[in-house]
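Right, I'll just put the structure down here and ask away after.
Labels A, B, C and D are assigned to the chains in the order they are written; within every chain, residues are numbered from 1.
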Amino acid sequence: MDATYAFLVGLVPEIAGWPAWAIVLLSAGLPALVLFHFMALTPLVYVYGERKIAAFMQDRLGPMRVGPYGVLQTIADAIKLLFKEAIFPRGVDRKLFVTAPLLVNVGAFLPFVVIPWGARLQPADLNVGVFYVSAISAISTVGLIMAGWASNNKYALFGAMRSAAQIVSYEIPSLLIILVPVMIVGSLSLQDLTLAQNGGLSYWFLFRYFPIMPIAFVCFFVAALAETNRAPFDIPEAESELVAGFHTEYSGFFFSLFFLAEYTEMFVVSAVMSVLFLGGYLAPLPALQQIGPLPMGWFWLWFKAWSLVFVMMWLRWTLPRSRVDQLMYIAWKVLLPIALVLVVLVGGLVLWPVTANGFPWDRYVGWPLTLALVGFLLVVMIRALRWNRRRAGELAYPGGASTAGQVAR
Amino acid sequence: MTQWLKDVWFGFFTVLVGMRITWRHLFTRSVTLQYPSVKWPLPPKSRMRLFMNYEDCIGCGQCVRACPVACISLKTEKRPADAPPIWAASGQAIKLDVSVFDIDMSLCCYCNLCTYPCPTFCLYMTPDYEFATGNLTEHLYRFAKKDAQFLMEDPKKRAAPAEAPPVAPQNPPASPAGA
Amino acid sequence: MSAASPAARIADWDQDGLDTDEMVVNMGPQHPATHGVLRLELRTDGEIVRAARPHIGYLHRCFEKHAENVDYPGVLPYADRMDYVAAMGNTLGFALTVEKLCGIEVSPYVQTIRVLMAELQRIASHAVAVGTYTMDIGAFTPFLHLLRDREKILDLFEWTCGARLLYNYNWVGGVSHDLAEGFVRATRDFLREFDSVTFPELLDLIIHNRIFVKRIADVGVCPLELAISHDLTGPNLRGSGVARDLRKDFPYSGYESYAFDVCVGQGQYGPKGSCFDRNWVRVAEMRESSKIVHQALDRLEKLEKTDVHEKVPKRVKPPKGEVYCRSEAPRGQLGYYLVSDGNVNPYRVKVKSPCFTAMSVFHHLAKGMMIADVIALIGSLDIVLGEIDR
Amino acid sequence: MDAQAIHAALVTRFGERITGSALEAGSPFAIVATDAIAEVAAFCKADPALALDNLMCLSGVDYPKETPPRMEVVYHLFSYRQLHTFALKVQVPRENPAVPTVEGVWGVANWHEREAWDLFGIVFTGHSDMRRILLPDDWEGHPLRKDWQDPEYYNGLHVKPTPQMMERVLTGETLGVGPFDFTPENRHVEEP
């Protein structure tokens, strides 16, 4: 808010003379308005992207009808959902039924208050930033349970119970792993966490203390997938088991709210992950931080978060779904021990006199290993690309008449 | 502990293997078609809609007996003695007037059993498959015509090349006569 | 959720101070994972299924009554519609039964065509079985990859006999159409792609995926005695570790002259007879079927063409008598019990469908499972409701 | 073992109660006295030489025109150990047919017997769960009997069979589902 105020005063100096209530309203309302619209409209892009990615991975075309390459498809869907009748089945608890999707959205939208888009481009720089994000996004669990209970439907109840158990369990490893960068920096503020990684790609936390931070990143990613109910941990809405889980009975506008919340949460956890491990709004090369007069911080955060969202979608269309007990197994017996070990290790490294006094761990241990890993990944990727080209050729000329249709031609 | 490490590693590794495959497919060509605008040409044998060439039917009723779902209904009456003689294209003389030849395509099971016994090859399946309607009665095809143009002379008596009957007519006119 | 008042519910609490009511969940007849219109009544305690009771019959079409009222060739289209995912196997079974009763012996050329079609159908059917199974477990992509290849097989079928799903191809005494020109080459092209691309990709993408394995490896373990007592057949039985295959033990249509292995559940990730093994047998059988198709194609190139309608009788009128004939359909042993009274219509046709018996073991296996495992179990039994209900 | 040997083994064990046989046909069978079938079945499964551990098929057949009119239950058996097949038959009168259950011997008989009860009306005494399986619970009659008449209506639904339908086609009436009747008395109204 203060940052916005300063920004606005810099823009229009007369604002400083306005009454206090107007200043508060303006400097808090303006970013809220911008962010809300940004977040309410980006799921349209996500949904289109997800459908296209799914289609391409499955050798399909995806939406192609509405607009060129189907780009307007999600807009058409959104309009349809908004105009559909919201059905209240007999026996639902109407108050809870209506409140639940709103509450889920509150949990999804409020974390945006602390996400830094630039050095001064942040609605509010809370000194408990990361803690605030975890606490607030847990509100949506309450919404899910309310939705499941109010629906008066057994499948919805199953979904709600599963999601409660899941999110409560995964809060613990994810918080422990958040501790790892927080310990290095010594601050909970997202702004401080970002600035601690200043200096380019090699200063990002992902590449520090080599074997430790990448593992922490992967573990946090898994926990984030579980917290956002994405595959392979989408058991609260497992469509082959629970039909649609907690939103079985929802339709129309309220259903679209759940949809909105899911995609918004995906973006939130990706943004938090970018801040914690990928340098937030900092460019991979310091030269790219500002192009001419245009600060590029917002672009880099946006780009990093979307890349992570893409990986989430990629995983969803690759992996099968795990079971409830296995989910708990992963949380309590895999992620939690790893997180504890990581916390101890990083704590040790931070306090160990040798590294604390500037032993370049990264230069002698981290970077060689990192380079080896990157090289390996590059080789794999190139081989995959070459394979692709061959396969595309095979599909284009399938060695004569491989199907009846071609013969008929 | 070893088992645990193995499990975690294999879990992670097989996920990567799967991701590699989906990544490859991200760039392969799609195999689907945009159906109504791009159509897959059907092979000529496709069994989609029954068509009956009314001028060639001799009213023998073998198709009616062969049909397992009884979707063909046929009514014939003896051709009057003073009527001019007519022939089917395959050379059989038509002795019966076919007053009703209805095929209810909503009952048809597309088994193709009716077309084999037909002695004049006048009943056959066509590869025309888009005949969805909003009204079930439109699937009742009435093939009997009032103003049919019958062959008034025996095709066997004509020149030799015309003798070979059309065994399986390719791409016949697909429009239903009745409905 | 019971509608009792709070006071009444407190009175209901048992001595542990916990409310441990069981809940009846009605799964189906319209549910994404019941493979049709199966209804399951599950008594659950939280996520645990205490008892299950399947209700079938939503798709009952009186096949056996219909068969008594049409002539023998007319039964074939109805038989097609029993197991609509693998219609070639149904008509092959019925044709073999009637031929056994009439004493018709078809030519080697027709036999080879029948084997070729049956094995292509087996690949197509298992593609759907494995694909929908992965979808039940939650992965969508393998399903569409497999369906892509199934479509190519259906194209081949359509090219041969004109229909994509319900072929009416195997007739009593022959097949309805001869193979088209170039069919052998087209099939080889398809198989080359299937063997070299789709199949290895399937293994990598899903079958050996750790999540998939962990989901199904020790779930729904069907011991050998239970499997035989409940007449599980085909892949379900072989998943329990019995190497019994009608194509090997009682060969028909010249299966004795093909080299192929009988796939058996290995139990590589847990106890033998689990859902993983049943699914694994299907996956491995796709490769074996592809081997058989290759051999059949080799043979077709050498064999002299004969008229495929050569032995088709003008009127199928078997002598008075009865016969029970089995064949190895993709889902297991498909048995036809046929009683003839010397008429053109069968006197009685009874179908022993493999899915019917597989479903009858369901409630034994489902006890004590989690709800997610129930889905995995149904999928691994590979039921087609059209065949259960007939 | 071939059919003769199996039959001989059954006759030596059960004597009079194996009332008939046809061994030369394509599918050989032995006819068993109705009350003995459970015992014979248990013997077939337990005897190590027979080892007929698998019930492949259980079918009911209706013979109203035979003298005397009867129904048959046919058990097709298979041995996974010996790889031989055999069939047992039980003949029951058409009025109030009752056969002892073999559910305890082969588990799959449970559903097969329910199906035979459902479609033929053959009661299997001692069966644990004698309900209809394929047809709805409120269905009346057993449709695979030869004297079955199709009902005109079932629960108010028109279930007229095909010949009448074809007559309606010929007379030019509308087909299949008629125009829906939305008069108030036919409309399904939920109570509030």
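Points to keep in mind about this one:
Heads up, the rule we're going with is that a residue touches a chain if its C-beta (ideal position, glycine included) is under 8 Å from a C-beta of that chain, and two chains touch if they have at least 3 such contacts.
Worth saying up front: this structure is predicted, and the values here are computed from it rather than measured.
Common neighbours of subunit A and subunit C, listed by label, are B.
Top contact pair of chains, counted by C-beta pairs, is A-C. When chain centres are defined as mean Cα coordinates, D lies farthest from subunit A. Here the CA centre of subunit A is 59 Å from the CA centre of subunit D. For the pair subunit A and subunit B, the distance between mean C-alpha positions equals 53 Å. Averaging C-alpha coordinates per chain places the centre of subunit B 38 Å away from that of subunit D. If you average the Cα atoms of subunit B and of subunit C, the two centres end up 28 Å apart. Each of residues 57-60, 317-319, 391, 404-405, 407-408 in subunit A touches at least two other chains. Chain contacts: subunit C has residues 141, 145, 148, 158-159, 180, 205-206, 209, 211, 214 touching two or more partner chains. Touching of two or more other chains is recorded for residues 15, 18, 21-22, 25, 31, 42-43, 69 of subunit B. The residues of subunit C lying in touch with subunit B in their complex are 70-71, 73-78, 80-81, 141, 145, 148, 151, 158-163, 166, 168, 176-177, 180, 201, 204-206, 208-211, 214.
Subunit A meets subunit C in the complex at residues 54, 57-60, 152, 154-155, 157-158, 161-162, 231-232, 234-235, 238-243, 317-326, 391, 394, 398-405, 407-408.
The touching residues of subunit D, when paired with subunit C in their complex, are 25-27, 53-57, 59-62, 74, 76, 80, 83, 85, 87, 106-108, 110-111, 119, 132-136, 143-144, 148.
Note for the complex: subunit C touches subunit D at residues 56-57, 60, 62, 64-65, 100-101, 226, 228-231, 242, 244, 249, 321-324, 326, 333, 335, 337, 339, 347-348, 350, 352, 356-357, 359-361, 364, 389-390. The part of subunit A that touches subunit B in the complex is made up of residues 53, 55-61, 64, 218, 314-315, 317-319, 333-334, 380, 384-385, 387-388, 391-392, 395-396, 404-405, 407-409.
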